[in-house]
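Labels run A, B, C and D following the written order; every chain starts at residue 1.
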């Protein structure tokens, strides 16, 4: 528009459309702080090993093993991706909850319920072609996970019951429910008295991607699902009206309600979405990795997902990166125990330290003042 | 006790709140401190009470320099402050609030509330305050809460009492009572500081007046020396008109019709009790009342964000009692909420996002579920420019704007839509004179364009200046109506009605 | 890795130096533990002892990977496969049956062995190690029935899976046999062999469950308790220690817990031995010397694969008659006169 | 007061929250009555026998023999009455009480039904209830202490675990008393870390709590698998024995529950009492609550908000450290990976359930403990209801209660909000 006769107001409006350049603090928060956090966490992890009588030599070998075990070979990358996929999926669910202001601790239970549903569909309906059966099984996981989380959302919307409590309780309920379901004759594997399900049929199994290279490579088509979901969540959050509602409700629920957003509906929707993603993570595990369900097949994915979401700052891309990092730590940690005999519980320590430092930029700044020349003090927090 | 402030400067980051302020406070005298919102009055008094530490300058008490490292020091030095927002714990009793921090104790650190009650009663009698020491703060009207604040200060045997905007939430009658208390305190030899932006009050009560503008003292005078217009000019720094220009009153047809409306609070107590009224086109209806008499619940119920327990609301003849907030927006009801930060804006969102907070679903801003961010940004820039929102860019987050600009942003959002009825709750609370004038004129424009306007404000002057008709709420009921051919809008009468007196 | 050897803490420093030179060993035996952990004083520890014994005897290198959750099984096996130098991979636990099968089929050249699982049909590169634990548990049940003062004994399990319930079956049958022989009416709480239902903690690692479950059985009158849940049983031992053995005695499982739990060894009446260490060592020996043949090894009373531990401190309390009866029954089971079962 | 206001204009039919809740409660109660009638009352004769005393007790009470059928029909009657009364209620009063009585009656009916024709030790179950409740109650009390000063403490789970670990390690080396003190100190240290993170470094409170949970879980599991498996003597602590209090311990039922326990149970009861006294009847308790309700007001009155928050979060940490030590020094003398197993989170639920009051948190913890021990008894009695559903029951009940009642209860006003002093 180059009309010459711009009124002063129009001119002003034009100026207001200018974006300010990203400040140095943004760059520091997004790059320097995480790098420092990982570095410091690894150093502290080394100190813990030293304190427990592990020799310097072994510490060196364990960190090399951590690296080779996570990205050092095709097999290692395969393991990293296998471990990261469910973390990212469930992490996205938790992150969507955070974005809308809900602290969803219930991902673990949602993973379990979604996984159970996927398994049941996965071993039933024999004879269907894979392009029908597999989507059906995945969809079952998504739906049941969503419905299960929707309970917490509905309770919050209808009665004001705090989601932290209701999701903790739903987790505990789901553990028992899975124990029970796995002993129902039609689900339980024939001839077994312990809780274990029938095996998922081939037609509902997420195909492995690299088994032609080496049959032990477990990475499977779930990776594509995960990448699609990262894009989908990004699109939903930032490009759609629903995402706008989620974000507004998360930042200021009162203002969102006053602006005519239907808070009750948003609660239920976002919890259902979070549950659907966690349920997909569960389905991904049983259809892609485990092939059947047994008690505790969620293996803490739902709890780690909280860390992943926090670490990824509840941004879909951040969640992807954080999930890959956690997946790498998990795969590498295993190698660490095999090669250097250092318990893979060390990884838990490193993970918690990374989150601590990333969540507390002030702390990192205190530790590494020279890393931040942009005047942090001048920012009014 | 006399206090001297010398060259006090206080900065917050890059913002200078006070610079080189000199002030003297004397026993047995009421010092009036006049200044606009944001002029630095409260900051200065927070420095004096020890809550903030000054960056430069010194405080002298009876000629001796002192240093305060926390509010405790100020209290110990005999300086007590009654804050604009009361510093009372709502779930504690009066006695508990009064003794908090200086509790009389028995064995095992146990609270000696018996002594506390006795002491509260004693102060009650000395100054004629009449407060029940066992009442819960949350059940008390604001006027009484203020007395609790005063008792709190006196209980700490303060010799200097600082009142920050003490009359903002009081009815005229309560103001009269409050002035009586102030005079009694002056008689008792206390030094008093009275901070306000209300000219007539300062002229009535102050023995000496200091005017503060942009963090600096710009003048000192005695009450008799200056007229209110001159004082206003000193305060704002330019000539101001104290009148709102208003075209003649020609009401149109009824737009909003409220019948037998009853609203309950969360604990099932009555907030609004069987209220009926209507608002017409071309008309400004003001609702006056002391805070907490149901105005907030009424506004929220009209905006569709508060459950209605009984009665009906009709808009343009259609029953909207059960209509959602969004449906009401779409019908043309706009709402400027009383607490903009809590209910009006999303502080971490950009101006652009806030500008479409309640219209993002409109065809103008979205296609199906997809947002059209280009359209949003262009409109946001347009409205920000038109409504004088001062910001470098519409991508700035709202928490970087000043209060006045935030409010202008909310007004821009609400008035740029297809509005028929504008509900404005405390539209100018906490704003500077420039912003107030601007928003007042916009409200008048809205009326003159044929909209209905409903204004709720605790500033009686504002309500009287803007409204064609005034309804007074007391304990959830509409107890009186003024203006528009009925009883004339006399400030004193309205005040009486606000206090529940039968007229 | 050597760091964790329970058998030779004194060699710690030296072993760490050795550990850094992986290739010094001709043969590596790898083990994946179940969730109870390598130091559970029972199941996993006994299986690991087989590896450490082989280290001492044959000079092989042993390494292990702990499973933290049931979902780790496949990943752990994969990690060991990826390290590429495992002469044999021994998985410990019934629950690893599926994961082991899948890995064995995908890697037909890798030798595997699994404790507590029998494949039918067998897989050529897997040796299943199973145990007729009910035979030994039968003896323990008979003993407990003979020793109880309250007329009530109790048992509880970790998870309702055959390797666990086989202990409880044998125990209950042993008590029944005693009742039939002596005309007594000793009752077993916590397991009904006919209905296959009973008391389960549903985990193999919560010690305080072990304590409260034992307390529960004690409250209902049991004075001898058989916990079949790995380290969970240590919690039961703690309770017996506190109450005193005149009120509550414990029957250990898997290893001789008098030896593996030296701190509280006085509470054990006896232990039902499941000599996985012997079979594991045998499997390593076979794998090293190319005698490896897929299939099944079964531990019985006859081949000493299972057995009853000595009474140790309780020796003086067990009547001589009862001891000799148990010896007789043992012989009868071995020669088939008594069939353990319903 | 609120009710009076409505009553004055009672000619109008108002849609009040109390009435809505009363109606819902009525429906729930009538459903419970139906369940009781259709399931629990369907017993063919048979008495339920509850053993109240062990043969060794000084005063032996006779067994409590309840005729199952008649008892449960009475239960049906009570539930129906309560349900109808709440449904028809015009004032909506007494909803919580009616629900409370209703659930108690339901549990009694269930017990009688499950036990019909059999017998079990009621006293033993109640004693186990108290034992199971201790760590939950301590977690809840830790939560009360920190949330009363407006710091949300999700890290209680981790602090409990740290207490259990320290108790085992130091207890093994230096004896159980030193171990207990060390556990309390380490709990306090994690409280300090949490306070430093949230008060000084203004980390989001939930994130800080999650970090503590992860860190403690990682560190303790690491040390336990890396060190304890090697040096077994480091993980073999002496257990505190039960001390029977003379006279009180001999009272039937109550004695074994509360007065034949170890110092942890006594300590927990004393702490709950002390915390109640402290928070509601002392000067410093008043300071603490004012910081949780209105930190700015407290600040203007010279109360150091940051210091009060530090102190109480540390105190909460110490309480949780004590509760964690119970698992090792009070029960089994040995640490095991993740041995708290979610009790800290249940403790948080107990705190909310108990409305941010120490006694309330204790009561809620007892309910969880009761459900836990009940489930074990039921597994022994072999009821037709799968034990998994019994295990779920308390959690479902918690959801019902939180949804029905706590929605209206009030948390400290500033809870979870950082206080930023200019």
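Methods note: contacts are C-beta pairs under 8 Å (C-beta built on N, C-alpha and C of every residue); 3 or more make two chains touch, one makes a residue touch a chain.
Fair warning: this is a prediction, and the values are worked out from it, not measured in the lab.
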Pair sharing more residue contacts (C-beta pairs) when A-D is set against A-C: A-D
Far-end chain from chain B, centres as C-alpha averages: C
Distance between the centres, which are taken as Cα means, of chain D and chain A, whole angstrom: 31
Whole-Å separation of chain centres (CA-atom averages), chain A against chain C: 38
Euclidean distance of C-alpha centroids - chain A vs chain B, Å: 45
Centre-of-Cα separation between chain D and chain C, whole angstrom: 37
Junction residues of chain A - those touching two or more other chains: 54, 179, 343
Multi-chain contact sites of chain B, meaning residues that touch two or more partners: 12
Chain D residues counted as touching two or more neighbouring chains: 225-226, 337, 408
Each pair of chains that touches, named by its two labels: A-B, A-C, A-D, B-D, C-D
Residues on chain A engaged by chain C in the complex (per definition of touch): 54-55, 57-58, 61, 69, 73, 75-76, 79, 82-83, 179, 192-196, 199, 215-216, 218, 285, 289-292, 294-300, 331, 334-335, 337-341, 343-344
In the complex with chain D, residue positions of chain A that touch it: 48, 52-54, 103, 105, 155, 158-162, 164-166, 168-170, 172-173, 176-177, 179-180, 183, 306-307, 310, 342-343, 345-353, 355-356, 359-360, 362-363, 381
Contact footprint of chain D on chain C as seen in their complex: 3-6, 9, 12, 37-39, 66, 68, 189-190, 192, 195, 197-200, 205-208, 210-213, 215-220, 231, 234-235, 238, 241-242, 263
Chain D residues within the chain C interface of the complex: 54, 120-121, 123-125, 127-128, 131-132, 225-226, 228-232, 236, 239, 241-242, 327, 331-334, 336-339, 341, 372-373, 376-377, 379-380, 382
Residue numbers on chain D that touch chain B, as the complex places them: 1-3, 5-6, 9, 12-18, 92, 277-278, 281-287, 289-290, 293-294, 296-304, 408, 410, 413, 422
